[in-house]
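Chain IDs A, B, C, D, E and F follow the sequence of writing; residue 1 opens each chain.
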Amino acid sequence: MSEMKQPASALSSPRFCNMGTFMRMQKVESAKELDFVIAGAPFDTASSFRSGSRFGPSAIRSISAMMKPNNVIMQVNIMDELKGGDIGDFNITPGYIHPSYEAIEAGITNILKENACPVVLGGDHSITLAELRAAAKKYGPVALVHFDSHSDLCDEVFGQKYNHGTPFRRALEEHLIDASHSIQIGMRGSLYDPDEHKLAEKLGMKLVPAHKIRELGLEALTEMILERVEDKPCFLTFDIDFVDPAYAPGTGTPEVGGFTSLEALTLVRSIKDLNYVGFDVVEVLPAYDHGEITAYLAANLVFEFLSILAYRKEVNMI
Amino acid sequence: MSEMKQPASALSSPRFCNMGTFMRMQKVESAKELDFVIAGAPFDTASSFRSGSRFGPSAIRSISAMMKPNNVIMQVNIMDELKGGDIGDFNITPGYIHPSYEAIEAGITNILKENACPVVLGGDHSITLAELRAAAKKYGPVALVHFDSHSDLCDEVFGQKYNHGTPFRRALEEHLIDASHSIQIGMRGSLYDPDEHKLAEKLGMKLVPAHKIRELGLEALTEMILERVEDKPCFLTFDIDFVDPAYAPGTGTPEVGGFTSLEALTLVRSIKDLNYVGFDVVEVLPAYDHGEITAYLAANLVFEFLSILAYRKEVNMI
Amino acid sequence: MSEMKQPASALSSPRFCNMGTFMRMQKVESAKELDFVIAGAPFDTASSFRSGSRFGPSAIRSISAMMKPNNVIMQVNIMDELKGGDIGDFNITPGYIHPSYEAIEAGITNILKENACPVVLGGDHSITLAELRAAAKKYGPVALVHFDSHSDLCDEVFGQKYNHGTPFRRALEEHLIDASHSIQIGMRGSLYDPDEHKLAEKLGMKLVPAHKIRELGLEALTEMILERVEDKPCFLTFDIDFVDPAYAPGTGTPEVGGFTSLEALTLVRSIKDLNYVGFDVVEVLPAYDHGEITAYLAANLVFEFLSILAYRKEVNMI
Amino acid sequence: MSEMKQPASALSSPRFCNMGTFMRMQKVESAKELDFVIAGAPFDTASSFRSGSRFGPSAIRSISAMMKPNNVIMQVNIMDELKGGDIGDFNITPGYIHPSYEAIEAGITNILKENACPVVLGGDHSITLAELRAAAKKYGPVALVHFDSHSDLCDEVFGQKYNHGTPFRRALEEHLIDASHSIQIGMRGSLYDPDEHKLAEKLGMKLVPAHKIRELGLEALTEMILERVEDKPCFLTFDIDFVDPAYAPGTGTPEVGGFTSLEALTLVRSIKDLNYVGFDVVEVLPAYDHGEITAYLAANLVFEFLSILAYRKEVNMI
Amino acid sequence: MSEMKQPASALSSPRFCNMGTFMRMQKVESAKELDFVIAGAPFDTASSFRSGSRFGPSAIRSISAMMKPNNVIMQVNIMDELKGGDIGDFNITPGYIHPSYEAIEAGITNILKENACPVVLGGDHSITLAELRAAAKKYGPVALVHFDSHSDLCDEVFGQKYNHGTPFRRALEEHLIDASHSIQIGMRGSLYDPDEHKLAEKLGMKLVPAHKIRELGLEALTEMILERVEDKPCFLTFDIDFVDPAYAPGTGTPEVGGFTSLEALTLVRSIKDLNYVGFDVVEVLPAYDHGEITAYLAANLVFEFLSILAYRKEVNMI
Amino acid sequence: MSEMKQPASALSSPRFCNMGTFMRMQKVESAKELDFVIAGAPFDTASSFRSGSRFGPSAIRSISAMMKPNNVIMQVNIMDELKGGDIGDFNITPGYIHPSYEAIEAGITNILKENACPVVLGGDHSITLAELRAAAKKYGPVALVHFDSHSDLCDEVFGQKYNHGTPFRRALEEHLIDASHSIQIGMRGSLYDPDEHKLAEKLGMKLVPAHKIRELGLEALTEMILERVEDKPCFLTFDIDFVDPAYAPGTGTPEVGGFTSLEALTLVRSIKDLNYVGFDVVEVLPAYDHGEITAYLAANLVFEFLSILAYRKEVNMI
């Protein structure tokens, strides 16, 4: 593992060949000596509306063949700076959330114990609870930076405690996240509970709805995130429905009036100075993703996150 | 009818169950004692290019199952404030515009005579003429607020007076709208008549093309609308092609260079202080609507309009 | 309820209006005094490959607007002969199989206790277990006539007992079906267990794989079914993947080399002289159903089953 | 070149007209000295369910680029034997059936007066009435050979006499077809009127429903058609929904249990010895035609008909 | 390599996980000690009409996750009987046929020199020429069994010798195939050269057009193939457009009036007693393949071929 | 009419060529006395990822039927001011770049020698090299204004010098463009070479990446373009992937974080005062273009360019 290979360049090998791992990176069996590990959590059992995000990891990996290793804005080459690979998919159990949670938590734990950063491709948003369980075991309650159009703080959905609308309520109850350093960004759309946004504050979280972001501007939002999180171990979770359905049609519960792909990429890039311990991008649903544009945006978000890791390693922050 | 039921919450009943009415509201047989009535006008015979908007009402209702009753920006719960329901589709005659106009006009008349506000799902834009006939019978010529990429003021199309490109020319001739308080917003794209935009002014209307809106900004536009309409009885008609095809691909005559979903929602919300007597959203064409994003935007526009009615009732304006 | 209405004729009301129930039949609240009840079981949590059949009931109902009441081959009018309606969807819990089973079983029990015949729109094939639980409570173990490309007799899938690949194994264990009068028809495709087809016989079932049907011919198969079932109370379950993906692309686990729509309809019609106590059509998955052809085939299969009920009532068999 | 023409305005000529030519044949301005003329009738106003067949002519022409001039079974080269070309689309009026009928009738009359054979691309089935009006003016009542899943003999649809469900009822009333030499082939699916098939006989027509064809076999059917029509001037009208939706998903009112593309082509080829005076293929609806397979089948049916003309010319029958 | 692993069972690991090789077989680096090797040739530069079959190998591999190792009709388990794996894609050069031919020929040569059987996923049909070059180097001119709707015997297309319409003309010229033991099956559709089918015979080939197969029946065809090929080293090439577009819409030059998936599978299975030295399935074009049904049929054809290899090994024929 | 022409054979002319005309303009045979000529270059052989842009010209022409001649912002009627027409497609050779280059260069040369402005519909971006060869023969090295998300300055792709990633490197080497007056606009996305953007400057070009444009604003960018190009003969090449995939999903190598359709149209309009000698819009790929929105945007860009020509003629600049 000491000699890391650059993935095949599309200048010498066509990008539609030899698919199967993210960016056609090497397939790895463990996180040993790695800086990051890509993993899939193809679980969609907890979806309340459209199901099918189980095909999200496959779709993101497939189109990620279009990605290249240099980030021209961040001025890094992710494969030069970092050692990493794709470990494949966690062995989840379709239809059953608890054994799936166990598989995901175990998988993340294995990555974290080698001091690698897990980068997870969902799957519905319920998976983040399992990831946070693993992260909190190592780091204690983590700061959560949560991009989404929904706060996912419901107590129950359909009378059930575990669903893609409840993971952060559970995470708070289980003391997996440090509410005082956490922030939820981009919430919008009609609601059942008129006080759903206020609920976040009652639970100690900070929630910035989309219409407030429009008032603040992206720069002030960036400041707000950095101030909120400080240097706490931080988990970044990105629900693709943060982005407007024009840019991300392939998702289960889209919300109109959302953000552009440029805004999404800019925001992630702007918070590069946090102390990241994990990342996921969730809710990509290929059956509704015409032209693969949603999966490709998700792949780019992963790439920006890896660029942040590369930048941080370059400047000796990790 | 005195006890109005909230539609089933997706927290207890999945949103893909029991479809058939807008937001799974109750089905109503008349407008009696109601504040608003949802109705479909699935008529696409007057379309000049793509046909198929006859499936618009069905598509909007289907995806409207995703909507919830609280508007967090307007701070209202539409079902708490308002009594309303879905009366189904007007009994239009496919292929024949005049009997269809009679059916629509009769249906709107029945709603208006109960002092309920009609909220119509199109259908092509020709339907608005029939709606305005009913409105003018009750209110006299109404103020028209018209979002669209086309002015729909042609005298004839294909040698015919009645087409989805002519409704407002006919409405002016029939004295259904008060030109001096009416405004057309968002026109753009190539034209047959170089003076088509000036024609609006000759006819006494105010027309603000898209490129002027870009110069003015949305706030000045809002001001302009409010000043133009004043407190006249006002009919709001929203052609979904006001929005850019990236956000609303499912329509018959899209125009590029358009507005975002955020801009559309913001604009409608910004003119909440008008004296509304009717609303429609038209030209949703499901056969071209990948991922149902156009229908969902239309459903949200209906929701914003209902939120305005709720807000106005709350503050005793209606 | 004594005067049953024919659904609106498309000759006077367009078929794309007023959707929401199967064939735009009346919505019913109970099975009281009815011959049959249409119900949806929009549950797809037990799917092993593609999810999304939760939208099956909605899609089947939507396109069923194209159906008309007379069956020209069976020489019956289903709405003249029978009293029936659409009760909507069972209140299943997405993501959770056991509460969903309870809801389905309770719903079917309510229908059966009024001596109406349940006609269920799936949903994945796991739902049939719950239906059989209700049927067996009333009738004892029933004869099963099972059209499918898979036998669904696995003991476990992903280490779990309840999945859409296991319902008939569970049904046998729970003594819900009378193996000696049951028959499985159409199995084909590659297998994990080379003896999967023989397993059926070990369990007392009769399984006729697709390639045997090609040798036998459809008439001999019909004879075989009638002889096998005799006059036992009989439940007919139809997995749409019995049909070739050319005719039914919208399904979760298609198998090539299958039957045509003509063969499917002919087969169902040919076994009209059985003593039916229930029916379902399952595994319609709209996200993969281009042109709605799968949903329309499913709607026609429901129609053929209702025609059988009508025929049997006409000749005093029920 | 000194006088440049403005392109046709969509205010006088619909924008879906006159795109390309069939098989990239020459564009012709008249039928003078020609054996056949391809023409489009992009009219879908009379559709009762899905609209959009106005794009049928354009789609058939586009994919017809795949066709080549030799028919290996008929042993003819259509372009060697025949003189012909594509005259573009009749100048129909979207939304208005009577002026459209006039345009189609005038166009066909112009073709027939040059003794060329009209070959029309629909459009919905209502167009055939106009074509028959022109044909009967020249030939008197013609024999009709009608492939379809519906008999299109309704007296009224939605209370209207002119619709795509009524053309042959009108044609009989107007004495355009000679019922005693006409035959309708392939009818199937559920019906409003239980006696709809018998109605054909009451009107003097011969109707062979799909299930009778299955009993007879294709060869006996061929015999039946030839015996029925004899040597009368014969108009062949082919509704693409004669074919099963697996083979022809792109149509407005598909019916399952239909014929294969092989059966359709074989049948047309088998009745080559009739005295043809006109042909149309109707109800191709591109918005539902995935992979263009319906349009390509329609193009092949046109090709088979042209091959029949070529064969008949070669053997001196025309 | 001595212990071959069965690919993961979908009973313990979901089939949408860990994609990337055919049937999720092991990835291999060479053919050493293997019975067969799966390889992709994602080359579509030689396509005359629709391009995009470069994504064929990826699509076939992706959906092949649905395949399982037992063939119930052939009574073999392909992974028990055979050692094999997926070597990935040949390093072809998009846009350039000669370097691509070199890469494919070299790849096949490497497989053949280990006495493994190459099983190639196309790509357009031009690739077969390169495969035959490698095969002929080892075996001398091979017998060709060629399923297709086109004979691909053109001398030139667009003035070029190398195109997907010319591979077998070139192969004959290069003495790669033994015409006297070769057979072309299924040709149909309109032609440029009226004698194109006769040309095959002039070149010493046997060509059985589709309409002759319909007269002969499949059993006589099987006999004819077996008699023609005898025990010569035999290469089986299967162009997916042999099958009707209803069953295989995702291809570049579909022809209507084709064969069903059942007929295709039955035919391949029926010629199991030939002395196979190579196989390919070509012209799968995912961008037109709705519901992945074409790719899945191609995957099943590969499976049937592997089953033949397994059967032949079991009975000691290889 | 006495000599009927056989339609072009697909053996000499690809079947995706010459379908319809742009905006239903007249078809022209030469550029004689014309101001502009529309031409298609349906060549996609040089595509590195998705192929299929060979159908770009056909798709753009088809949807261009929606365009009308008046540009309300530019205040011109393109057909009143200009003489022009559509000459059809250059007779490129699919699969072979050099003969295709010759056909394109010859075609452009013929247009330029009549002093008409070529307006080319691609096709992949490799075609621009051939256009520039023709332009430079007449004008010497031209100024290039290049909108794109990629700089297309690679030296080799897949070891080949001619590919859609290399045209401008070749153009510089062949002295076809005057680097000192050329500008590349909009580059973004991940890169293989970290210095790819700097490479442009080494080669003497000016490259403005997307993130710099965001800092500068569109007005400063416009200034920069005008200052760079001055009054040199200028060729405008527009790769549709300059625009974000939300607005232009139908393309081969989309990049997220791009520009809106409004920004694209505004930019083109803003540089109306350049001395244009040619234009192309490239990389429209219809198989991924849902709702035809990409093709329609491309048609609008052509229209804006024609409007510039009309404006310049009106003010006597040409």
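Basically, contacts are C-beta pairs under 8 Å (C-beta built on N, C-alpha and C of every residue); 3 or more make two chains touch, one makes a residue touch a chain.
All values derive from a computational prediction rather than experimental measurement.
Considering every other chain in turn, the ones in contact with both chain A and chain E prove to be C, F. If you compare B-C with B-D, the chain pair joined by more contacting C-beta pairs is B-D. Centre to centre, using the average C-alpha position, chain B and chain F are separated by 39 Å.
Taking each chain's centre as the average of its CA atoms, chain C and chain D sit 38 Å apart. Residue numbers of chain A whose C-beta contacts span two or more other chains: 13-14, 16, 48, 54-55, 94, 158-159, 244, 246-247, 288, 290.
Taken as a contact graph, the chains fit none of the simple arrangements: neither line, ring, star nor complete graph.
Shown are all chain pairs that touch, namely A-B, A-C, A-E, A-F, B-C, B-D, B-F, C-D, C-E, D-E, D-F, E-F. Listed in rising order, the residues of chain F touching chain E in the complex are 9-12, 14-16, 44-48, 50-52, 54-55, 93-97, 99, 158-160, 162-163, 287-288. Of all residues in chain E, only 9-16, 66-73, 75, 77, 244, 246-247, 260-262, 265-266, 290-293, 296-297, 300, 303 touch chain C in the complex they form. Within the complex, the chain B residues that touch chain F are 49, 188-194, 196-197, 209, 211, 214, 244-247, 249-250, 253-254, 256-258, 288-290. Those residues of chain E whose C-beta lies close enough to touch chain A in the complex are 13-14, 16-21, 40, 42, 54-55, 57-58, 61-62, 88-89, 91-92, 94. Residues 1-2, 4-10, 15-16, 18-20, 23-26, 28, 32-34, 58, 61-62, 65-66, 68-69, 79-80, 83-85 of chain D touch chain F in their complex.
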